[in-house]
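Have a look at these structures, which come just after this line.
In the two complexes that follow, subunit A is the common piece, with subunit B as its partner first and subunit C second.
On to the complex of A and B.
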């Protein structure tokens, strides 16, 4: 149901991936669940929930429009992938990556989806961590007039620790300004604002043999630092952790958490930049892994994040993107439907 | 548990022509959440009771299409849906005799955008094994009944 706020809420159907995988819910069921959570929009992966991808039939399109009518919810974002490595003998060329990118744009146009979340070169870091180039600036530059012609927005998801204000993301904003084609823009992902190890990660690491006591100690110290407004320095607790005799699984979990936090700007700066860029952002992922007993996301400061978005004048969708399923499903069924419902309630309370 | 199993439990059975067993089949799933272009599957080997099955006896089946192992990675535009099992058919006159058999599948299925090779395995808590040696395997003991 559409509501009258500048910020609207959506659900990425990625959040329901286990329900879909285990065939508890089909595409219709996932759309119905998103609508049932109170969201006004949903985001969909063609590569996951549209078996006909990349050549989707008119029959599918008709049904897709019908489902939106039936459940009173709009498809607002389609997910793009940069499958540079999909062939066996060689990497795709830039021309081929461009052509595949356009296939996603055409599908979005056919299905009436206004935003394409595009996997751009600086998606996860300044350079791709895998060594394979994703969709580069030059390819996006070629896609831009096509997106403009189709009336679509290409949203570049910033999944990095340094957020939308990082210098190497600015060229995309400049591209839109330079060409006057405002069909490309940045989108924030809340994972940038994670200030401690999530309880979902603790469940995951413990299922692989890590020691809960040590990880909870680490988490409590990270939280203390965040709420004191100070940077977390692992060195300050290294000795205490070593006295607790961490096993290999625990050490690997700690290393991952510490590595992730290294070189991260201060939270004060990240919030300042989120506010500064909010009015120019084109889409937002409300990432979350777990929700605590108070209904809060357990490793991110949602009240603060929403304050920045509102004060900064963000107008667009924030989509629930639940990833706790992938971390916690080894120890039992994770109720994705209920997690998303709680997350939507939390975000709604912050509008 | 919500473990995504590589082998579909209890999917192994003989198949028949004119009432005579001419082979056996079982099902496997890809796991994960994304459908995968078949061109990402660079290697597909089946071993039965530690003996490698000749490639010309193996058919990898998705929907109405069948592929020999070396044809899988040429199917650039065919996708394997993450949640839909593929059927592996093995030609063997007489089928698989009743009793306990070890079925092993060695499948190299790289990620289409990250490029790293990984194997879907049947090991609890370890659905994806990254292996720099490019060798990995999924195996399980099944009882024919």
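On to the complex of A and C.
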């Protein structure tokens, strides 16, 4: 049977942030690492690896094209941010936010990067957790014809617990359909499919004084529920946890995990929606925090996720986005390059 | 984020002009996964040997530019001077005579505003050797 999907792999250079921050690798080194992992593409933030941002010179652009040629890898996505809270006492107006959005589009055009990951209002939840507006629907509506003129795709990253099928994300798909400008679309982030506390979070919480035994107990119960195909109910283990006398740090870790799970659709529904939306998605973040001894992502069901993407006919990039660094680097060096290498190998085996 | 690393051991020393010490400096790295405009710095508070440094005595230097700390807190401060990810932000404390060479205890509180998470507060305290 002819396959109706076409999945390519990329690496977000965000995955190598500690190597950059601590000056072990520069932009070229990070691009070399991505190419060395076998990826065909990479994603980059101007805000962290292009020191000239927001005024990127022709010389930088020339070098950027040269690096892609040297390492045989393509820049596929540039990240946009919605820095609304520019000042202590005043936020950017919608007009100013629009102007900043266009700055990112112009940079992508200049650097020949086809996709701009755009931080939209409903990025993390129905309502932004920051308490201030991000890039709203109205701003995106204004940016759309500009992105269309430039031949760019604005990918709205859905980093929420309820995924791309949530009612409040649909207006963006409708916007593209209504205008006929297919330069905006949704992108999934695998964090939606996290079914248990990751071991990276356990390392993080324990470095702040949480009790490992209790968090591992929680994690094992969450995993049991997931593999039994049942929703995890904290109430079912509350008494057992309380008997273990959780300290404040442990309780706060548990509260965070439980809060995140509240109101989450069932995994069956999330997978069904991922499959339904796959052919319309424009980019995907292969989020991960840790990899277990079997080479699997320790809190997400990658085989199942890839099955949905393939059966749903996804055509585009899945980018490794490693986020275990910032959870585990309080207790020592996190070998980002090795994590990404393993992650790419895992994803390649699932294609 | 990066809380234990934001106060660096890089180039801590007195600042000199014409053979005289007019202050001293520490060098910070950002508490975030990307660079931010300096206008997004909510607060930099320093305590040296238990004594709070006055905001009006601090000057920031990065990428060849220098700004009085109190300037970057103003609402009309430009948004295009970035504190680059991984770069040092030099905080110069104006003090006649500089700082005595040797070990000093420094406490830094760094608050930055980000676009989609609440203001993050990084606190880092360590003994540093000043040259």
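By definition in this document, the second predicted complex is superposed on the first by the 344 of 351 C-alpha atoms of A that agree within 3 Å, B and C clash if a C-alpha of one lies under 4 Å from a C-alpha of the other, contacts with A are read in each partner's own complex, and residues count from 1 in each chain.
Simple rule for what comes next: contacts are C-beta pairs under 8 Å (C-beta built on N, C-alpha and C of every residue); 3 or more make two chains touch, one makes a residue touch a chain.
The model shown is predicted, which means the values in this text are computed figures rather than measured ones.
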Side-by-side fit of subunit B and subunit C on subunit A, or clash: clash
First, second, both or neither for A:60, with subunit B first and subunit C second: neither
Partner chain(s) touched by A:168 [first = subunit B, second = subunit C, both, neither]: neither
A:47 touches, of subunit B and subunit C: first, second, both or neither? both
Which of subunit B and subunit C A:17 touches, first, second, both or neither: both
First (subunit B), second (subunit C), both or neither touched by A:134: both
Which of subunit B and subunit C A:83 touches, first, second, both or neither: both
Partner chain in contact with A:124 - subunit B first, subunit C second, else both or neither: second
Overlap of the subunit B and subunit C footprints on subunit A, listed as residue numbers: 14, 17, 20-23, 45, 47-48, 51, 53-54, 81-88, 119, 130-131, 134, 329-330
Interface residues, subunit B side, partner subunit A - complex: 1-4, 33-35, 37, 39-40, 42, 73-74, 76-77, 79, 81-83, 110-116, 124-125
Interfacial residue positions of subunit A with respect to subunit C in the complex: 14, 17, 20-23, 45, 47-49, 51, 53-55, 81-90, 119, 123-124, 128-131, 134, 326, 329-330
List of subunit C residues in touch with subunit A within their complex: 1-5, 29, 33-37, 39-40, 42, 63, 73-75, 77, 79-80, 82, 84-87, 113-118
Residues on subunit A engaged by subunit B in the complex (per definition of touch): 14, 17-18, 20-23, 45, 47-48, 51, 53-54, 81-88, 91, 119, 130-132, 134, 207-208, 329-334
